[in-house]
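Naming follows writing order (A, B, C and D), and every chain is counted from residue 1.
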Amino acid sequence: MVLEATVRAATRSGRLACSAAKGCAVWRIRVHGRGGQGVVTTAELLSIAAFRDGHEVQAFPSFGSERMGAPVTAYCRISDAPIRTREPVTTTDVLLISDSTLLRQDDIFPGLTADGYVLVNSSRPWGALGLEDRLGGHRADRLRTVPATLIARNATGRPVPNAPMIGAFAALTGAVSLLAVEAALRERFAAEVAERNVRAARTAYEFLRGEIPAHA
Amino acid sequence: MDTPFAITLGPGSSSVNRTGTWRTERPVYVDRLPPCNQACPAGENVQGWLYTAEEGDYQTAWRQLVAANPLPAVMGRVCYHPCETACNRAQLDHAVGINSVEEFLGDEAIRRGWVLPTPAPDTGKRVLVVGAGPSGLSAAYQLCLLGHHVEIRDSAARPGGMMRYAIPTFRLPRYVLDAEIDRILALGIDFRPNTPVEDLTAEHGFDAVFLAVGAQLAHRAYVPAAQSARILDALDLLGDTAAGQRPQLGRTVAVYGGGNTAMDAARTARRLGAEEAIIVYRRTRERMPANDIEVTDALEEGVRMKWLATVKHADVGVLTIERMELDEHGVPQPTGELEELQADSLVLALGQDVDHTLVDTLPGVRVEGGVVQVDEHMMTGHPGVFAGGDMVPSARSVTVAIGHGAAAARNIDAWLRGTVATPEPEREAATFERLNTWYYSDAPETVRPRLDAARRVSDFAEVTGKLDADTALYEARRCMSCGNCFGCDNCYGVCPDNAIVKVPTGHGYAIDLDYCKGCALCVTECPAGAIDMIPEPD
Amino acid sequence: MPAQSVKFYQVGSRAVGNRLLDAELRTEQSSAERRNSITSGHRACQGCGEALGARYVLDTAERVTGGRLVTVNATGCLEVFSTPYPESAWQVPWLHSLFANTASVASGVAAALEAQGRTDVRVLAQGGDGGTVDIGFACLSGMFERGDDVLFVCYDNEAYMNTGVQRSGATPAYARTATTEAVGPIPGSRPGQGKDLPRIAMAHEIPYVATATVAELRDLEAKVERAMSMRGPRYLHVLVPCPLGWGSAPAETVHLARLAQRSGLFPVFEAEHGEVTSVLPIRDRIPVEEYLRPQRRYAHLFADPPRTDLIERIQQIADRNVARYHLDPHEIPHEEGA
Amino acid sequence: MRRQLEGSRAIAETVACCRPGVIPAYPITPQTHIVEALGTMVRKGQLAPCRFLTVESEFAAMSAAIGASLTGSRAYTATSSQGLLYMTEAVFNAAGLGAPIVMTVANRAIGAPINIWNDQSDSMALRDSGWIQLHAPDNQAAADLHVLAFRLAEELSVPVMVCVDGFVLTHAFEPIDVPEQEIVDAVLPPYRPRQVLDPDDPVTIGAMVGPEAFTEVRYLADRRLRSAPPAFERIAAEFAEAVGAPQRRARCVQDYRATGADTVVVALGSVTGTLRDVVDSIDGVGVLTITMYRPFPAEEIRAVLVGARRIVVLERALAPGASGIVTSDVRSALAGLDVPVQTVIAGLGGRPIGAASLRELLARPGLEDVTFLDLREDVIDRELGRETVREPIAERDGEAAVESAGERAGA
């Protein structure tokens, strides 16, 4: 409870991070992944974290009937004002790509704002992804990879990349705090599982911040 | 409950819908005449007293029984029970052992000392009954109950007539006979033994007379015989034996005749020591007048039968027999073929004749064929003089005689009151076809335990054993109550419209015509056939 | 033997009552205090077997539950003739929802009673053969498999009588109905497996399954009593002849039910947890012809020329039942492969 | 307290606060999360006393709910799409019997072709089943409406369907304040059924009613249903006060800048939010959201729309051959007013309703009477083209038939 109160106090004091960073009132986020990778849960956790930071948040999946392995998309909007729209996120501020193999698809990047963020789950550095042609004009500091599956496997024993992705998202965008992410994980998961995921999120967060090497 | 309109209804509210209007036929309870009742010469309501006996209320059953027949213990032994022959149950498995139950009830009454009903107040009328046989006793009993003063005169020393003097004790122990006759006489009947009535014109002081002298004269038949041949009448043989004598018959006895008396004589002869008793009869067994039960009993006791034979001549120790054969009309015709039959004595049992001398001088009385003629009210041609029993044209049996007595009593009573007895209304027969026999459980006849045949011939002990209380109850409950409701609740149960109600009196059920749709399920499922469908009145 | 064994009393154990029996040993139907759960004034046909069966079943259920009973009724003859506004013939709490959903409604009722802690109140659902073996079958099967505490009673008159005698899954082979006319080489209802719901119910291994007829009242009452002594899903299948649909005299309703049992065409038995535990032996077996002949729905089998081949096939069905359930106490045990 | 919850979860928790006694349920996407959550709560004893029945079909679900409701238990179920249609007979029956069941319909398209995504074809198909139909514009309302639904249902002895756009709301995570148990208890007294199966008062429920009374039964049902709007308004006000959130006060119709607007967009359900976003940037356009669709609040709607120059009804269902279902209702509510009512069919089978498209649509000068939003004209043109090609084939077949007949005649 102390933690939660601290988080809330900290976030309420300031405006939504994106306002300062990119001058918009809303973070529009798309999460791409495959069935079974916890894509919907990623959006959900993101929404819980942002909510804990005091924001209005909306998260929803792309409502597919896809089974394990099929591409899945989930959406998240974070705002300081109540969110009314229900349409899927098209114009996108942040793309979270849980599986680098999805990069081969054509419909990943359309709608990404010029100064948008892209976070790809990959052990390789951005430059090795071969996306120069498609994202050539984007701000390089907002295009990052994180070995989320690797981190997850190390921390939790399961190759589900959602917690590291959120941790990395927090580090990359500042749209949510790491404390809120940890709180969301603890809200969503039972104690033991939550703590492992918290470790994974922290690791990814620190990785993005450059505090640890890629292959930690 | 705040129930919504029309969708929700109150319980049982359909009772306002009188479905009785659907009906084109309606069921009615009937009391049909059961075959046992119809067949009973004594006019017993057999089904009625069995119904009561079924409930184990033996005293009430006995009371119903003695309403028609004051000699149930006797009848239970000597009656040839036409009721059982008629019994519908015979078509299902075996006839109900009505006779056994009757005997049981009669014996129970003697054992427990149950008393007959109290006679009605004295009417001041005096009736003379001539003859203390079953017919006379029956009439005297009924007349006495009706309040009339009855005087019985009999030529014999003891009352009972043929019951005492012709029926062997092994069929009818005398203590039974005495007990039942004593009970009748004790009602206040003036019995005068050893008082033959020879001329009725000489009798005065009676308002009516009932003649029941029976047929006590052995039928005269000419049998050519050697002087020393031993020939005797069956009635003498039976009478002497009943009186305690032991007539000498020899080793081999021939009995000539095919009636019940012949059978009794043959069976008596066996008990008197005859090694062989042979019935000589001119027709076949099928045509024998003797009751089949008696024939069977006789055969079981070793009596031999010589069918299609007449006695041509009797000599000492030997009879000459002519073989007969039946013509196309079933009449025996002589063949001329002769043979000899060893016989130390010949007992004649060729029927009995009526001694009608006492009415010969009475104006108006007709005697035809040796018997006294009576009208449908059992009155002779002489007003106030009635006759019954063996002396009138009729089958001759104790049962018939008792029936005559009762019927005569009704008619005498009416005559004394200046009216005419109305016959009971005709009731339709309760036939087997009307029964739903599915409901009657398979239940074997309770066969009266019978003495071992070998033992039977050695003494005069009663040959037919008795039911005990349990078996009597069981046997009574085998009654299907033909044509009469016995309260099985089937009609009440199978009515899909709950249109049969239980009522405390009468039949126990009534049709609720407000609801009865006339489906007749109750009729079909009535085990006893005691419900009829009749058209709705216009 | 489910039927109460009664010492010989003139009409033995087969009649409704018996004045010689102690009151407590008589059938419920013989009692002047019976509930008359379905009372007078209903609009059933003359001689309706279903009206009779329903009263038999419910009166006993009422007695053994001490009146703590609620009922659910399928659409069908029974429902229509008993509850035309503004009159109801029911004296028990009674709910009619639809044709197909009776078992589910009853499940809901049972669930509500359980949730309310009123487990003293028992639930009885009832319907005809159409509402049971056909349109209501899915719901019934669901009720069975969930283990809901309901006694479901099917009053089987072997066709859709309410709508004018059309074939149902319970219509027997060669019987004429309005949708299986007695014409063509195979007249009447096509022979097939039919839907033997008692056996299907047994396959659910529910606590209790029994068959009965309106002709064997003691047996029927004993089965209702047995059923109500148990919890969980129970199924009772009662043969109720229909004068209209069978083309029989109204007065013959009970008689025909009896002949159905005696012919072997309608085996009367009970089963617990999927195993047959007892049968009502055939007391006096009859050829099926004796049962078929009084019914106009089979008249085409006895036309000129008669269809003895089809009668023989019906006889084979009866023979199979007799062998399967060992219905004939006098029968030499069936030889394998015979 | 607001929590970040999935819509389904919020609905389930709210329903649990309503203390249902029996929940029969059959799974169908996208209703599943609601009943899964309730089933778990019953299993864990968090919702007690309650029986959760895993029935074998939606038909059985509604049937069991009827049985439970008429036995005095508060009954709830949820379904979608084909499931709703599969239980149709029982849905009508529940209304006819006056069983105050509450059912969530997670709105979804009807097949064929089978489609698991959102539109409102399912509940629209059953709009005249005699139920009160409430449509949730957002997830807070979706939760709140269930409390109101139970109260309204039981006050009127009429079943209530709470329609929630499938996936769009049921699977969306949002900050939602699930009403506190104490508040629900205050607003929703224990269930006192109008009629009940009871051995101590053995009524016959569900009689057969003939021509002599059926009309009256229906008239009374109509009267009863028509009393729902004021009752709903009253209960909603009471509830809003209890939760201390005036903005959560539900209304039969919700006026968003609609009164006095030139153009009013009429809509049901979750498209409301997007529409409000859109009209914020267009002068003279307002939104009227219909929350209570059945009974149809004609007077309330007319009161708002009376001054408008143009009405656009956004329909999330299609009556093939007759176009807009809600449009017909709106037109009849506006009888006598000379105002064009245009139909926009949108969001069928899960197609997103985008703000840009709506903005374009509303700006379009001569909007046709019926418009399909974001219709893929290329596909339509191609397919219509193919059909045009096929037609002569049919004619040829006809000619051939005539010829062969002629041949036979001549033979």
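We adopt the following convention: a contact is a pair of C-beta atoms (placed from the backbone, for glycine too) under 8 Å apart; a residue touches a chain by one contact, two chains touch by 3 or more.
Bear in mind the structure is a predicted one, so any value in this text is a computation, not a measurement.
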| item | value |
| --- | --- |
| Closest chain to the centre of mass proxy, which here is the mean CA position | C |
| Of B-C and A-D, pair with higher C-beta contact tally | B-C |
| Cα-centroid distance, subunit A relative to subunit C, in whole angstrom | 66 |
| Distance from the mean Cα position of subunit D to that of subunit A, given in whole angstrom | 35 |
| Euclidean distance of C-alpha centroids - subunit A vs subunit B, Å | 114 |
| Whole-Å gap separating subunit B and subunit C, where each centre is the average of the chain's CA atoms | 50 |
| Interface hub residues of subunit B, defined as touching at least two other chains | 6, 9-11, 13 |
| Subunit A: positions in contact with at least two other chains | none |
| Multi-partner residues of subunit C (at least 2 other chains) | 83, 85-86, 88, 90-92 |
| Residues of subunit A defined as touching subunit D within the complex | 40, 43-44, 47-48, 51-52, 56-61, 63, 65, 83-88, 90 |
| Subunit C residues touching subunit B - in the complex, by the definition given at the top | 8-20, 26-27, 29-30, 32, 36, 39-44, 46-49, 51-52, 55, 82-83, 85-92, 217, 243, 249-255, 258 |
| Subunit C partner contacts - residues on subunit B that touch it in the complex | 6, 9-19, 22, 54-55, 438-441, 443, 474, 477-481, 486-490, 492-494, 496-499, 502, 508, 512, 514-515, 517-521, 523-525, 527 |
| Contact footprint of subunit D on subunit C as seen in their complex | 67-70, 72-73, 79-80, 83-86, 88, 90-98, 100-101, 103-117, 121, 138-139, 141-142, 145-146, 148 |
| Contacting residues of subunit D [partner subunit C, same complex] | 21-22, 24, 49-51, 53-57, 59-73, 75, 89-90, 93, 97, 197-199, 201-210, 212-213 |
